[in-house]
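One chain, subunit A, links the two complexes that follow: it is found with subunit B in the first and with subunit C in the second.
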Partner chain A sequence: MVLKSVEKTRRETLAMAAIAGLAAILAPRLSLADEQAVAVEIKKLYGDKKFESGKIKLDVPEIAENGLVVPVNVDIESPMTDADYVKSVHVFAEGNPLPAVVSYRFTPACGKASASTRMRLAETQNIVCIAEMSNGKLHMAKANVKVTIGGCGG
Partner chain B sequence: MATKPTPRVRVPTQAKPGELIEIKTLISHEMESGQRKDASGKVVPRKIINKFTAAFNGKTVFEADWNPAISANPYQSFFYKAAESGEFTFTWKDDDGSDYVATNKLTVA
Partner chain C sequence: MISRRDFLQATAAASALTIGSGLGPLGRAAAQQRLTQADILRFDPLGTVTILYVADTHAQLMPLHFREPSVNLGVGEVKGMPPHLTDAEFRSYFKIAAGSADAFALTADDFISLAKNYGRMGGMDRIATLIGAVRAERGDDKVLLLDGGDSWQGSWTSLQTKAQDMVDVMSSLKLDAMVGHWEFTYGAERVKQIADSAPFAFLAQNIRDNEWQEPVFEARKMFERGGATIAVIGQALPRTAVANPRWMFPNWEFGIREDDIQKQVDEARAAGASIVVLLSHNGFDVDRKLAGRVKGLDVILTAHTHDAMPGLIKVGNTVLVATGSHGKFVSRLDIEVKDKQVADIRFKLMPVFADAIKPDPAMTALVEKVRAPFAKDLAREIGKTDSLLYRRGNFNGTFDDLICNAMMSERDAEIVLSPGFRWGGTLIPGDAITWEQITNATAITYPNCYRNQMTGIQIKEVLEDVADNIFHPDPYFQGGGDMVRMGGMGYAIDISKPMGSRISGMTHLGSGKPIEASKTYTVSGWASINENTQGPPIWDVVAAHVAKVSTVRIEPNTAVKVTGA
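What follows is the complex of A and B.
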């Protein structure tokens, strides 16, 4: 009798633990953005326009120990003259609750289309950077960041 | 908020014509993302600096729209190609409507 009840509680405990574990894995995912959310944001800005690769150097750490402060540097290849310059740059994070990170607007007076800031990342994820040139051409680059401690304050 | 945000800007005071200078800015601000919950489970309302603008002699040269994903005490660096002497005006716009402004002189010779 005693042994049986012990067996039961152990099984129950195990089941409970399994459910809790599964919930822990699933719950935060539900509230986070994904590749789809980033695609929606980009579509809002540029519709169905095609993106080219190249020209963008997206510099993020491969492994970020602290998700609260992740340096992000964008550097877009451009002569930055009045006729040919980078108009705007957008950075998105696929795994954050809100995908948008930062949007820059450059002018030829910048001389160089490069900017650095620091961002928060909730989990390991892809960073997407898109750049719009003055001639209307669009470029895209992606980079993965492994986050050891998430930066969502949760 | 505990203290008034203090901007800090590092920009050279002198440059040669055509020289590319890097401008580094930092402002103290908690950048409350609106995603966090306090101890009682209530969402802490969003309060971030949502826009940073750099102008030279009144003409905007660089703008950044910041989202809640920007870290506390936001840092921003960018470049400027020196052409003439003048003054930089850096403006940070807060969600609560306040502006924080810093100015720096640049001599081009």
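What follows is the complex of A and C.
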């Protein structure tokens, strides 16, 4: 598991400053969620190869309950036989200073290609998951996770 | 995208007419007539199963006024669709005559004069009468009574008894099952204690222990009524851990968990259910989206957003019921089952007009008993109001203006924030402001009124975050209640813009100057979701202010300019 490292999440900072009555120290704003940085990382891995949709079930909450530990579950549809299996899965967070968060490698012996982890997300951003199949095909899925200060729920 | 096929049908706009709930294009003279208990109960029965449904009573044991919103904006695909209709548009959609009893119950304009004519609504002893009458008509073995949650919080007595008053009352009503949201703000231990010992089921398919992902509560319960098997699947507010203090239930995870609802539906069908009901605290727009994605739900009993609609909304083969709040309505659904499937549904939103309905004596006695230890406090008169004091509306309410004024003066703040809660009674001009009225608008388990410093940019970020919780075009990304209320500051909001660019024109009302991004302002607020928030409880702040001004008068609030609606 690779955890993202930032000093303090936006949720914490805002909640603390705005709601809790502590001294207001505004942490430096993180750079905007960077789609480009993820594209660069993917290009390093797979060049200009085309991605298809489908096959990937990327299960993330729409709204993070705790930005420090956001559950991320990936499940790739595959028979996982010697002839047809998932070779590797990579997960990226567009808002992470280092966007490559975690990579998994699979063999047919794994039986199924699924994995779970928890990521630290400082602000609302897209999570990108790509899967490389044994036949060379590539799949991609994307999901938005909202990180909010919360409160005011009526 | 909601297709034409899925389009919301106000089936009851038509069917309610025939059922004779007093709805319909009546003349003005007829419209002013009050309903009788017989009018309210009149129903052409159908099939062998009746579901009675209440939600969001917010622990209101006594009749009260509750003014529905005059501003309730929908965004994205649901813009201009019910329940995002108010006043004349709402009446036109549901074919309600202006000035009628239903207009008073369901819309906001002309509230003061109609309140004087029609009187208060709700009261658990009146609700008990309606429930008792339907049970007597149909037979106990045909009736299922369900509560959509937010029933344990919202009054001084529920707060002081940690919901025991409501547990006793709902047990006495012979409630079959409920779900939760504000219930969880009594803390994990207390909620588990009640859930494990109460005579009704406390259902939540979408709460998991966050270490092992094990279910915390029973997900669904099967009931036999009128010869049919009914599966009731419980859904807690998916955003409870974001909207309310997570530290009060630190080991629980929520979320919508659509796939798990589908599993519950499929298991229930396999186990022989003829009727599958989602008892849901998702909020109306979330449930409408969900109804188009989860297959096999016959009925979604919606809650959380406090919408009251005198018609069913249909999405595919699923009907959605919005039963209102504060005990103002009891919904009745009669269901006919043929070949283990729902063949027909008939619905009525029964308005609980306190003056029309004879109180159930046993419930009157129980309510008196649970209130007795606090009766002296509740009745204590702090001041009076010359203005209509109400809560609901997307951007402000006059009761919130009062709370904001109280924080400005009692906490010596330049800018104040008050949460956009949807609960709390309405007072009409001339009403006394008692301790009960103040706590009906403030009784929560994290009431501390903080005072601190914030920069302009921080205030903007708070507003942007809260606005996105209400106006995100995808309801699955919405989280909150109404917009946070501001005192001492005005702003403009374009609700059609994306997160981060909705708010502009922030103005410090005291000086008339624009809010500066880097300048520090003294800010006060309450209902912080953070642990160990310091400050006096908000009810003391409001009471001190009301006592000083004696007669409350709220000037029209024009501090928020809304566009993009």
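By definition in this document, the second predicted complex is superposed on the first by the 115 of 154 C-alpha atoms of A that agree within 3 Å, B and C clash if a C-alpha of one lies under 4 Å from a C-alpha of the other, contacts with A are read in each partner's own complex, and residues count from 1 in each chain.
Definition applied: a contact is a pair of C-beta atoms (placed from the backbone, for glycine too) under 8 Å apart; a residue touches a chain by one contact, two chains touch by 3 or more.
Note that the structure is a prediction, hence the values are computed from the model and not measured.
In the superposition on chain A, contact is made by A:E62 with subunit C only, not with subunit B.
By the document's definition of touching, of the two partners only subunit C reaches A:G150; subunit B does not.
Shared-chain residue A:A39: touches no atom of subunit B or subunit C.
In the superposition on chain A, contact of A:T124 is made with subunit C only, not with subunit B. Once chain A of one complex is fitted onto chain A of the other, the partner contacts of A:L138 are absent, as it touches neither subunit B nor subunit C.
Judged by the touch definition given at the top, the superposed model places A:C110 against subunit B, while subunit C stays out of reach.
When the two complexes are overlaid on their common chain A, residue A:V101 makes contact with subunit B while staying clear of subunit C. Overlap of the subunit B and subunit C contact sets on subunit A: residues 151-154.
If you check the complex, the residues on subunit B that touch subunit A are 20, 33, 35-37, 56, 59-72, 74-81, 83. Interface residues of subunit A, counted against subunit B in their complex, comprise 68-70, 80, 93, 96-98, 100-107, 109-112, 114-121, 151-154. Looking at the complex, you find that subunit C touches subunit A at residues 181, 237, 239-244, 246, 253-256, 417, 419-423, 450-455, 457-459, 461-462, 465-466, 468-469, 472, 474, 476-477, 479-482, 484, 499, 520, 523, 525, 527-530, 532-535.
The residues of subunit A lying in touch with subunit C in their complex are 14-24, 26, 61-66, 71, 124, 144, 146, 148-154.
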